[in-house]
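Below you will find the structure I want to go over with you.
Which chain is which? They are A, B, C, D and E, in the order written, and residues in each are numbered from 1.
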Amino acid sequence: MVIDLIIKIAILTGYAIAGTAIGLLFMGIGRKIVARVHNRVGPPFYQNFIDVAKLLSKKTNISHGWIFDLALLFSISGILLTLLFLPIGGVKLLSMDGDAFLVLYLLAIPSLGFALGAGASGNPNAGIGVMRALVMLLSYELPFVITLIALMIYYDTTSIAGIVESQHSQWAIFIPPFLLASAVADMALQGMLMEQPFDIPIAPHEIASGPMVEFGGKYLGSLMIYKAISIVVETTFFVDLFFGGGVIAHGKFSGIVNFISWLVLIFIFFTLALLINTAFPRFRIEQAFKFYWKYETILATISLIWVYWMVIT
Amino acid sequence: MLDIIIAELLLAILITFFVGKKLAAIIAFFISLLPLVALLDWASMYGFKFISFGIEKSMNIAISGITLHLAITPLSWFFGIMIFSLFPAIMLFSYSFYDKNDGFYPFMLLALFSSFGILLARDMLTLFLFWEMMSWSSFILIYRNKDKEATIIYLVFSTLSAFLIIFGILLLYSQNNSLLFSEINLTPNLETVVAIISMISGFAVKAALMPLHVWAPVVYSKSDEPFVAFLAGGLSKLGYYGMFLFMFSLPGAKIMEEYFSHISPNYILAVIGALSAFIATIIAFMQDDIRKLLAYSSIGQLGYIAVGLGIGSQLAITGALFQAFNHAFFKAVLFLAAGAVAYRTGKWKISELGGVAYKMPITFTIALLSIFTLAAIPITSGFAAKWLLYEAAIKAKYIFVAPIMLIAGVGAFLYSFRILYGVFLGGNNHPDIKEAPKSMLAAMFVLVLPMIIFVIFPGYALDMMSRALSDAGIASIPHTVFTIKTSLASYNAIAVLITLIAALIPAFLIYKSKPHRIVDFKDNYLAGEIPSKYENISMHAAHNFYKPVEDVMKPYFEPGTIEYYKGIYKGLAILSNTLRKVYTGFTQDYAIYVAIFLLTVMGWLIWL
Amino acid sequence: MVVHAVLLIAIPLLSAFLIPLIRKISKWFTISILTLNSIFSILVLFEVYNKGMIYEIIAFSPPVGIYLAIDNLSALLALIINVFGAINFVSTLKEKSFKFHMLYLLAIAGSTGIVITGDIFNMFVFFEITAVASYALVASKKSEKAVEGAIKYMILGSLGSTFILMGIALIYSQMKSLNIYDIANRISMMNENIKWISFAFLLTGIGVEAELFPLNGWVPDVYEGASSGIASLLSFGPSKAAIYAIARLLIVIFPSMHTYEIALWIGVATLLMGEIAAFMQTDAKRMLAYSSIGQMGLILIAFSLVSQGIRYSIPASFFLIVSHASAKSSLFLLSHKNKMGSALTKYGGITAVLSLIGMPPLAGFWGKWYLFLGAASEKLWLVIILIFFSGIIEAAYFARYLHRSIGEEKMEASYAYPMAVLSTFSLAFGLLPFIYKMANMHLLGGV
Amino acid sequence: MRKQASVVITVIFFLSLTFAFYQISSSYNYMENKYDYTNPINESSANESVPQHYIKDTKNETGAINVVTAIVVEYRGFDTLGEVTVLFTAATGVGFLLYNLYSRKKNKREANLILREGSKIVLPFALLTGAYIFIHGHLTPGGGFPGGSVIASGFLLMMLSYPKFFMNEKRLSVLESLAGITFVLIGLFGLIFATYFLQNYLNLGNVGYLISAGIIPLIYIAVGFKVGSELASVIQNLKEVQE
Amino acid sequence: MNGVIMASYFTVASLLSIGLYGVMTKRNLMKIFISLSIMDTGVNLMLITIGYLPGGTAPIENANFAKYVDPLPQALVLTAIVIGVSVTALALVLLIKYHSKKGTLEYKGGMKW
């Protein structure tokens, strides 16, 4: 019993560390890829590890009071929490204790804390950045939520673990309406990752680096960790929903195989997001909003109705 | 015992009418504890025992040839606990809020008394009687503030609500020839269905359900906060109590489904609820007046309850009750907090406020907790409630309701942050204010307690609700103290909490790893310009905060619902101005009318 | 103790005749006589409450003579007219002329006479006393509007009284009797056509006083023109007496489905017309006048719902009359300055308005409640919806009125106190339990 | 528009009145019918119509020969009280409303000699005739109202002929009041000495003689004084405002 | 049906109609009141006609006659006449007041709506 618990805690800790590492690695690789597309050399793939270490070891940290500090606490703890509630490579972790709605809402904890911190900094630019981030959240959530509901209705479960399990025989992506839905969700993922064309909340050219303008030292370091894990979390969420969490094998060694396939899948979608990022110019915030609430929502609704029709017949 | 309580309430209403401010507040506070005491005493019928005075569970009062039947039921017990917890806190709050006794306490106590009556009513006349008493006592409370629009709109909508309700009562009465709930047999025919729909609409007015909500923003933004806290927290719940009574305690919802085979009004109610939640949320973050923002937020949050009632499954109803319970507390706290801020600063506009959190940290913390509940951040009870509703919508495969409801939930983050940023954080516009008075803090703290408790133990809340539902014949959903299970998924509050605490450890380690230096508020990086300490520049970006969304969404919300009501008003005005031209002022014309009248009556009668 | 109801009329008449002899103290004399009369009216009410209807013969027993017939509603109305008259008199204390006091007493006596008499021609005579006194009282205010209103009132009132007399003549031509109860008992012997024609004449004639649509052209002008105290007197005195006369006509003399139906729709038309016309009024007194018209329509609807038995109709009209009399008279007093500076006037005004809108536990609520029950038991859903509609309009303009009346300015005590006292009657009658038994008694010879 | 409508309405009104009268005439059952009175209070007339009762029993019940007088003063005395009150109210109203409109202008045109002298002669006769009429109200046609009117007309004549002729208004009103009080008091004495208001409590006397019929002559005298003084005061009031 | 009665009823109907027409069309307030008086007269005549009995005499005890007219309408008419007079007197006063304020008796519209 106790041993089980210890093992569980160990696994969870491991996943947390692995998630951080993978995220930072992806960020590094991402920078390299973008550099190559831009025909630059780019930094080494481990550059982000160095950045984080540097920031965390900075000696003078400027704080704007106790509410400002909440940003740090909320962003790291919240994103870790989210990570642990997602099935990774078919391993359910804590996701049996929650479901997709929980994850949707858990994703908001760090951003809300982050927003609190930015607000507390008193910098108007931060305020504007937070506003844009929140509007962006509202924008991409609508199509994303509709596709999520389509999945839930189709598999008759709201638990992510349940959805993943249901896809053991066939990934959702291979069912026609979900192909459409996954395309929609991928654009939503683009917004979640705040990559171009949806990077206006943090675009450095626009509003002096946006919400994190006042963050420095350990605060910025923690935000980088948050960003890294969130990349993992968001792509995993997507993969869990449409690709059965990357589960391809059952039986012996299935764990390691599935883990690798998961890793490959999230890397693919991260890369895809990066490629889109490099290829497109930036949307203004209202353009982004319109894009999501108009075209994306219509497509998502079509897929939802399609699914509903499939379910009731 | 019960008659003594009622007599004491009435006596206190009289006394507080005449005594001075402080004494009135003290009397009102202790008197407002009485219903709560009675409810705790009645708790023994749920198996737990706090106190026992042996207060009767039912009572009949004869007045003007009519017998009022009063009795406690599990459902009204639940709503009672919710509503009557608010009153003492509000009285406590108002102790320092008002500087003279100009009718707040007596009419507040009257509202308390009539709420008590509504909850105990066992026949339709009693229900209606107390309902109206509450309407007009709250009307007088609104009227005190001397705002024209609020006065008119509230009275008109109260009357509308009363008439819709009494219309339903009359329809039911003409069928059953009895006013007692226990003697009403609903049969699926047109009149019953019209009665139920009419009553639901009547209660929906008070529950501020769209499109009958238009009074709420006006009234909420033009009244004193202690009263609005009751209005948003208590009164709206009574509206849902009424709906619940006629939809589930009397099986109105079932009757309607039987009568309409295809698309039931229940479904329409759910859609209206969801749309209400969604539209109100969008409108909420466009507001600049914090009271209006909170009002629209209320409308939105209350919409969820309507969704729950509309879906009507065991899951949904439980969720609806849970949401009602949460909303009663967090919205009351938020209004009180807004009141406390206004008490110190005298301002309502979000764009003029800001930076209050540093001066009023306790108020801020309490408000923050309620905002977390409002925004349904996981581990708060607000999340549990909404989660149940989402599950219910998915389970019932309400594909239009579910996404709208969910996106409204996301929208709640936006206006929550609006409050946090605009009022409490952001620019430091109020350097010389103090923390709110102790009585106000105490009031808010008391109200925030249930939220804290049900964070970890949603099971207890579910226990309460399943007992409340027992007499409507609705089974409770499987749950333990920490977890709730549905056929679709489960939610484990303790797992989330423990993991969160565990995840806080690394975050805390990072936080503690290096020391930090707290700098002045204005010491920040502004596009290369560093403002000096005393330079007076606006550091507040709360003005036109969600302008982009507003720009996109505004065209779709034009004209607003109120425009349609104004259209009705204009139509009536034209009608009035046309019809009263009959009174030309010439006696010759009047004589012609007289002659025509005479001949018409004569002709009519001879003809027949 | 034997209560002689005739004293209700004889005493004010006697004192009105006496006043010219004692001009100096006429004010205090009048007020004491009104008080005495109020006490009598209360005694009469209790007598009716305890023993049922009172018949009091005058000189000879009917049908050759005249008798007073007092049922629950007339006892109530006698009480309202006398007690309210006494209270309202306080507001006119500034009037010094003894003739004013005489006219006031005569108006009170006349209205009382209308409701307690059991003879149809006698009723006509009292109508004339009331009307002539009212014309003079309305014109007593020294303004152009008052005179104009009085003239309009007079023209329509005279036309109406001609029609009443015509109706009486037609009835007499057939029945050879003037006693209401006697006519009622033998009404079936009457020629159908003459019956309806006489009903039409009587309804038209009394309807002018009872403010029925479309006979009420004079109402707004008179209420606007008259001084507050007189407007208040008119609202609880003559108009209420007239509507009661219509009830006797409708329920006692000509009970038939057709008359009920016609009264119902006239009531609905009056209600809607009054409320809709009041909706856009800017002048407070005029608005209240239109609102009065609406309330009279409501009372007429209540009377017309009698065909299913009096179970709901009479209590409804009972409470509606109390509510309207007390609320409207206090609001007319309030309209003197229209400022609710003191708590007394503020809560008085609110009570009155709430009672008119029909909020429990005020009398207006019980009135509307029984009215609705009656209408529901006859399944008149359309009527109910129309009443709702008018109620909402009423709420709208009364809310506006209340808001406009907010102000720091205080009214004179001579207006504020009667106003507050009058408005409390709607509360008292809504709460006192014995009233219900009173309301549930039978009308004279009625169903 | 209004005129055409009025014409139409008047024609319809005329026709319906004609219809009503035709109905009355066709169902002409004058006085021959026996009525079955079901009124529980009714004691006196069991099987006859009201007019029949009056004609048959007036003499026995009231002692008056003139049935109309008996009806006016005794059977329906309450009406008469009301009627007197209406006149009183009107007179009061006239005085009340004209109070501040009086303009006693001196230069009024004198009447011619014949009128002046003639009226001097006529006045006593007018007064006497009036008094005669109301005193003999229970015996001959006429009564308080005609008598009072005749008296008032005498004063009218005086006012027409002498612009300065002026009656003491106070005395008039005292007279008026006393007459009214007498009427009500007689009624109230009925309540005290007999059972009902206005009931006769005096001896009926010798029917057909002047001193008979109980309270009828008393009331009629009071009414006569009252009507006379009231009409006179009304006329005087109206006269005084002439420009 | 008696010719006298017929003629009388015809007169009644005419008087009432004329009076009503006058009230409905005249602007002069004096004329309106005159019209009202005409109507009053009509009704009084009607009362008398109702009580009339062909061949009847005044209801005063008289040995020579066995047939009397109905006495009650006559009593009523007495009352009605007095009431008519009173109302007319008051009407005249009101007209005087009106005239003193407006200088005319033509009503051209005043308070309305």
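Heads up, the rule we're going with is that a residue touches a chain if its C-beta (ideal position, glycine included) is under 8 Å from a C-beta of that chain, and two chains touch if they have at least 3 such contacts.
The structure presented is a predicted model; accordingly, all values stated were derived computationally and were not measured.
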item	value
Chain B to chain D, fewest steps along touching chains	1
Chains contacting each of chain A and chain C, listed by label	B
Pair with more cross-chain C-beta pairs in contact, given C-D and C-E	C-D
Chain whose average C-alpha position is farthest from chain A's own	D
Gap in Å, rounded to a whole number, between the CA centres of chain E and chain A	98
Chain centre separation in whole Å, for chain C relative to chain B (CA means)	43
Rounded Å distance, chain A centre to chain D centre (Cα mean)	105
Between chain E and chain D, distance of the C-alpha-averaged centres to the nearest whole Å	16
Multi-chain contact sites of chain A, meaning residues that touch two or more partners	none
In chain D, residues with contacts to at least two other chains	2, 5-6, 9-10, 13, 16, 24, 31, 50-51, 54, 76, 79, 82-83, 86, 89-90, 93, 97
Chain E, residues touching no fewer than two other chains	16, 20, 23-25, 32, 50, 70, 72, 76, 79, 83, 86-87, 90, 94, 97, 107, 110-111, 113
Which chain pairs touch, all of them	A-B, B-C, B-D, B-E, C-D, C-E, D-E
Interface residues, chain B side, partner chain A - complex	355, 357-358, 375-378, 383, 386-387, 390-391, 394, 397, 399, 402-403, 406-407, 409-411, 413-414, 416-417, 420-421, 425-428, 483, 488-492, 495-496, 499-500, 502-504, 506-508, 510-511, 513-519, 521-527, 538-542, 545-546, 548-549, 551-552
Residue ranges of chain C touching chain B (in the complex, touch as defined)	151-152, 155-156, 159-160, 163, 193, 196-197, 199-201, 203-204, 207-208, 214-215, 217-218, 220-221, 258-259, 262, 273, 276-281, 290, 350, 354, 357-361, 365-366, 369, 372-373, 375-377, 379, 384-385, 388, 391-396, 398-400, 402-403, 406, 430-433, 435-437, 439-440
Touch list for chain A against partner chain B, complex	9, 12, 16, 56-65, 67, 69, 72-78, 80-81, 84-85, 94, 96-102, 104-106, 108-109, 111-112, 115-116, 119-125, 127-128, 130-132, 134-135, 137-138, 141-142, 145-146, 149, 152-153, 156-159, 162, 208, 213-214, 217-218, 221-222, 225, 284-286, 289-290, 293, 304-305, 308, 311-312
Chain B-touching residues of chain D, taken from the complex the two chains share	2, 5-6, 9-10, 12-13, 16
Complex interface listing, chain E residues touching chain B	20, 23-27, 32, 107, 109-113
